[in-house]
Amino acid sequence: MSGNTFGKLFSVTSFGESHGPAIGCIVDGCPPGLALTASDIQIDLDRRKPGQSRHTTQRREADEVQILSGVFEGKTTGTTIALLIHNTDQRSKDYGDIMDRFRPGHADYTYYKKYGFRDYRGGGRSSARETAMRVAAGSIAKKWLLERYGVVIRGYLSQLGPIVAEALDWDEIANNPFFCPDASKVQPMEDYMDALRKEGNSVGAKITTVASNVPPGWGEPIFDRLDADIAHAMMSINAAKGVEIGAGFACVAQKGTEHRDEITMQGFLSNHSGGVLGGISSGQEIIVHTAFKPTSSMRLPGRSVNLDGEAVEVITKGRHDPCVGIRATPICEAMLAITLMDHALRHRGQNADVTTDLPDIPASA
Amino acid sequence: MSGNTFGKLFSVTSFGESHGPAIGCIVDGCPPGLALTASDIQIDLDRRKPGQSRHTTQRREADEVQILSGVFEGKTTGTTIALLIHNTDQRSKDYGDIMDRFRPGHADYTYYKKYGFRDYRGGGRSSARETAMRVAAGSIAKKWLLERYGVVIRGYLSQLGPIVAEALDWDEIANNPFFCPDASKVQPMEDYMDALRKEGNSVGAKITTVASNVPPGWGEPIFDRLDADIAHAMMSINAAKGVEIGAGFACVAQKGTEHRDEITMQGFLSNHSGGVLGGISSGQEIIVHTAFKPTSSMRLPGRSVNLDGEAVEVITKGRHDPCVGIRATPICEAMLAITLMDHALRHRGQNADVTTDLPDIPASA
Amino acid sequence: MSGNTFGKLFSVTSFGESHGPAIGCIVDGCPPGLALTASDIQIDLDRRKPGQSRHTTQRREADEVQILSGVFEGKTTGTTIALLIHNTDQRSKDYGDIMDRFRPGHADYTYYKKYGFRDYRGGGRSSARETAMRVAAGSIAKKWLLERYGVVIRGYLSQLGPIVAEALDWDEIANNPFFCPDASKVQPMEDYMDALRKEGNSVGAKITTVASNVPPGWGEPIFDRLDADIAHAMMSINAAKGVEIGAGFACVAQKGTEHRDEITMQGFLSNHSGGVLGGISSGQEIIVHTAFKPTSSMRLPGRSVNLDGEAVEVITKGRHDPCVGIRATPICEAMLAITLMDHALRHRGQNADVTTDLPDIPASA
Amino acid sequence: MSGNTFGKLFSVTSFGESHGPAIGCIVDGCPPGLALTASDIQIDLDRRKPGQSRHTTQRREADEVQILSGVFEGKTTGTTIALLIHNTDQRSKDYGDIMDRFRPGHADYTYYKKYGFRDYRGGGRSSARETAMRVAAGSIAKKWLLERYGVVIRGYLSQLGPIVAEALDWDEIANNPFFCPDASKVQPMEDYMDALRKEGNSVGAKITTVASNVPPGWGEPIFDRLDADIAHAMMSINAAKGVEIGAGFACVAQKGTEHRDEITMQGFLSNHSGGVLGGISSGQEIIVHTAFKPTSSMRLPGRSVNLDGEAVEVITKGRHDPCVGIRATPICEAMLAITLMDHALRHRGQNADVTTDLPDIPASA
């Protein structure tokens, strides 16, 4: 209950700091019998791993995951799965010159006020390093959802700074270092990032995450609506500042006749709802957009104060992502997967006996 | 854990359907000694109440709240506070003609698939009627936050369909039926709503909610970040489709130098973060935007299916809000208050002993 | 999380004080489709109701329960069920003379220290009056367990003061005012209670609760073992001081060869385990013993202090149960039922897909 | 929520199987600033460690604990503390001959039914090996409770099979291999255990755990009473079959005049309540008794069935504790400490502002 656990029936509890010996998590509630090896998890971890291109941090982390429990003879046992990644690149000298000052836009000041001390080692617990464990845990959820229900969870970068991906080619995403689904925007993104890096600045990004084949009925009424839990999940990712389901903020200017998704037995006629109605999945694609702010770690100096309250200038030298959104796609997928798996289990706990005569309405006509 | 509870140390569990005998909630975790009467709660309920102007539903509900427990000699006891509102206007004939069909854009179909039956009485549990209890519970949180920490929570309608409120005059909000803070936009909104009602259509809205004087340090790391819990809270409100903290989606196109809020001992120099850094309050104003979709209850016919899978046309006659966002301001305030109070209690549970030498940095210079 | 909720997937949150206007609870997580009326619940409430014989308190409470939500056309909807009982007998003058003194053995002093004030009205929230809501909620769990899994939950008074019930005749229990299963002990109990009442004293009791036909597999490993949650449930009842599963404390002096329950395909050969192995149900009868202390409300004077720290004498006049254990049988049944139903839902949430070749081993050979 | 977490504000989530590569846990909610090293934790682990005398299992485990996170420059950070112990003695051949049969009195059959497979490696997750992590986590709670509130938590073996410890000499406990507080019973226990081992049998035990200097006010009303959570904690330990608070089952035959603890400003005049009234600590010593069954792992053959449902004989060769209760003292202390620390944080979260004029009543006159 102190904020390091997500999920109720299927849950993830994580630990670790950016410059400690290791990070890890405990995954609780995974049904028994799921085939699982470290390599199943490693695939997603490698998609998030830093240093994959010149556009992300050059910090070198192997991010090699170990399964310490919960798997026996290649299958999950139904008890807690512990995952561990040793930190191999703990150079903390990089942070020496900011150890007594608060980087603007970082958690330095708020952690200091909450906990009463300054962990100068790259943010400590507040570092985005912990998102590796989300990806690891999420890969288990993705695998189970796919094998048990055929649910497919995929994501892409839909906007990088001013550049919007307009085409959606699922096959293109793995071909470029941005998870960009629009081949025509890859070169502009390369150029933009090169200029940005030269400038010493950073930029925001938008990630879109989609879950297909989710059966109708997942999600709880009132407070634990599926979309509310998804919003919670996404906004809990470092640097997230906004979450939309389906039409999102565009619905503000929509009229009802435009927004509502009409229904036929051949399928829904549109998907402004983003696959959730009344907090419960409708069987349509669940579509989530998440906004990531530009990182505040940059070479350009900013005004701040130090522990003694003196005015100082802060420059973050280290090795940082000029656009943290670039590596956020697998993290968003993971959080969506964890949320859906949790709701799948909760739904069948309470509603396992429900049947209806009406067949499921197809996602789209 | 079945979705009807929000909050951990300070929590609200609600019950009730739109056309049942009563709705209510149990508020758990309120510290003892808070002066509290039914009228303290009624003030906020009246702000949400339907039928206050011609622009909201003409359904007549007194929404008169009773305190059934947890208050003794005018003060909270520290044990559960039960709040009850009898439903006085239970006309269910209004719904007779849609009882076997699924209204597009509503929870009808998803509830049917989840629970296996069709509660045709205006949505039953999925009706926005339950938000009255959020407002009631939230008013307790608002009162405690104000008296104990000086925290002020206020909201306004920042956009109605295409009309954007540009000025922010806190005193104007109570003067018009829209919670609009820009006097120059009230007449355009009146005209827009009149035309909309005539047309039989509905429209979306955006609500902005602000918490001032929140001390630094509230919020938990990783999953229960303050902004993540706020996103959860807001997205759990009926018809919500998007949540932003501070700059929100605008941060996607921002550069780091523009987004980061520089710090001086005289105060932060900007507030793009919306008062939350690393998931923890910074002492700046907490600023939240929430998008509400146009209601799908409208007179204009839409295509759908009935329980037998036959194609049907749906018209919702009843008495509905053409813009549910109009009455959403007190609901958003309530959800923000509940979230903050929960985090206030959680913070002091774990961190009551923390002190720092550095004074709190003022919200703005 | 503030102590007024029990259960995770199936949960009960209660409110109300002994002398407030009403008591009630919200039951969350009941699957949809269970036939349910107020009379189903009333049956168990009447078994607990005071004033049924001269051996319990003469306080007159109708304890008439209303269902405020969660039932539609005679069946549960799957959403929150609210139950309400108005307090009809709120005479608080009975408590006038103890309003500034702490009754020894009561919660008066500890509530005062925790919450900072003295609710002199018969204990307020600490009164055993709240157990009525446990019984009400439990009756829903009992009904669902019986109809869905054939689970039968029954209890009896196994010891009253020095008098031990030796025979176990299930049919006898409803024939006497003690829930005693041994007809030969009823007269001795009548005599004992008459003498006790004359003396102005009180006495303890032991209740045994049994669940039959529980399928194997319910319960979670490590901390939420079925027996651990049962112990939690039972010890949370007012006046409970001890809980045993199966052999209980007798196992301390047992040898392993005596304690272990040997297995054959015709059934287990004994049941010292009380139906739980490794925290998980074995399919045998679940057997729970709970010790209830003598109430501290009695006519015989006791030494104590008042709010000013002065030495005082306390006599509790009011109308009290000289043996609170007598009415505890339906409460114990309710708590066992709630715990089992919660675990049933949790189990099938995570393990719905598990099958084994080996048939279930019968409860006994 | 799947049973591997205990505690709400201060919580422990554990993982690991007896024969996997490692066991560990995540401790969440520890306030920042507590001085903590691995050796602080090792002290308690060494008290539980097998192989300390000829009376416990000869399995050799170093049980060397590592702190992977949550401690920075020797102090807790307020974020998750991960603890890890590598399993060094994973000989699984010992279990080869029971791999397809269910040991009577073990969790073999119930885990098989719940999870659908047989982990034959010494119980896997159901093994008491996981209790090492309880002890590790508990040592953090003990340290914080002592330093912050002066709370002292101690335990002892009060009965071994038929031999009851009659004297209570706190200094004697560390002098013998049984945690026995009565020097005159040590030799009889040695003799009894030697005979038992020779016989190939096992026996039960009773552990008493005491917390001194707990301030009044800890514990929540209704369901999360301090004694209910303690019962939950204790009954969740492997092999526990009964829990008593204070007088426990003896209260059944007590009269009210005997049981109630009278109050003077010089102190309570007795402690039958075991330090808890109405579920809330009174300031008296919290006294808990826990019954541990004789282990079912023994050399004497027992009847059972195998995976094919065939009648078989089971002999457990391995290296087992003939009396698991002997090593249970530090485990009980740990669980009591974790429960108390959780309630300390919960209490101050909600009641931090409460003050009373009346001084605390001393534990005893």
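Letters are used for the chains, namely A, B, C and D, taken in the order the chains are written, and counting of residues starts over at 1 for each.
Just so we're on the same page, a residue touches a chain if its C-beta (ideal position, glycine included) is under 8 Å from a C-beta of that chain, and two chains touch if they have at least 3 such contacts.
Since the model is a prediction, treat every value here as computed from it, not as a measurement.
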Requested in this report: Report which of B-C and B-D is connected by more C-beta pairs in contact.
Outcome: B-C
Report summary line: Relative to chain D, the most remote chain by C-alpha centroid is chain B
Report summary line: Rounded to the nearest Å, the gap separating the Cα centres of chain C and chain D is 25
Query raised in the report: Where the centres are mean C-alpha positions, what is the separation of chain B from chain D, in Å?
Result: 45
Report summary line: Between the Cα centroids of chain B and chain C the separation in whole angstrom comes to 38
Query - Junction residues of chain D - those touching two or more other chains - result: 1-5, 8-9, 14, 29, 32-33, 78-79, 114-116, 125, 221, 346, 350-351, 354
Report task. Enumerate the contact residues on chain A facing chain C in the complex. Result -> 1, 8-9, 29-33, 78-79, 148, 221, 345-346, 348-354
Query - Touching residues on chain A, where the partner in the complex is chain D - result: 1-5, 7-11, 13-17, 20-24, 26, 28-29, 32-33, 66, 68-70, 72, 75, 77-82, 84, 114-117, 119, 121, 124-125
Report summary line: Within their complex, chain B touches chain A through residues 1-6, 8-9, 12, 14, 102, 104-107, 109-116, 123, 125-126, 130, 159, 161-162, 196, 201-206, 216-225, 227-236, 238, 240-249, 251-265, 269, 272-274, 276-283, 289, 291-296, 298, 300, 302-305, 307-309, 311, 325, 346-347, 350-351, 354-361
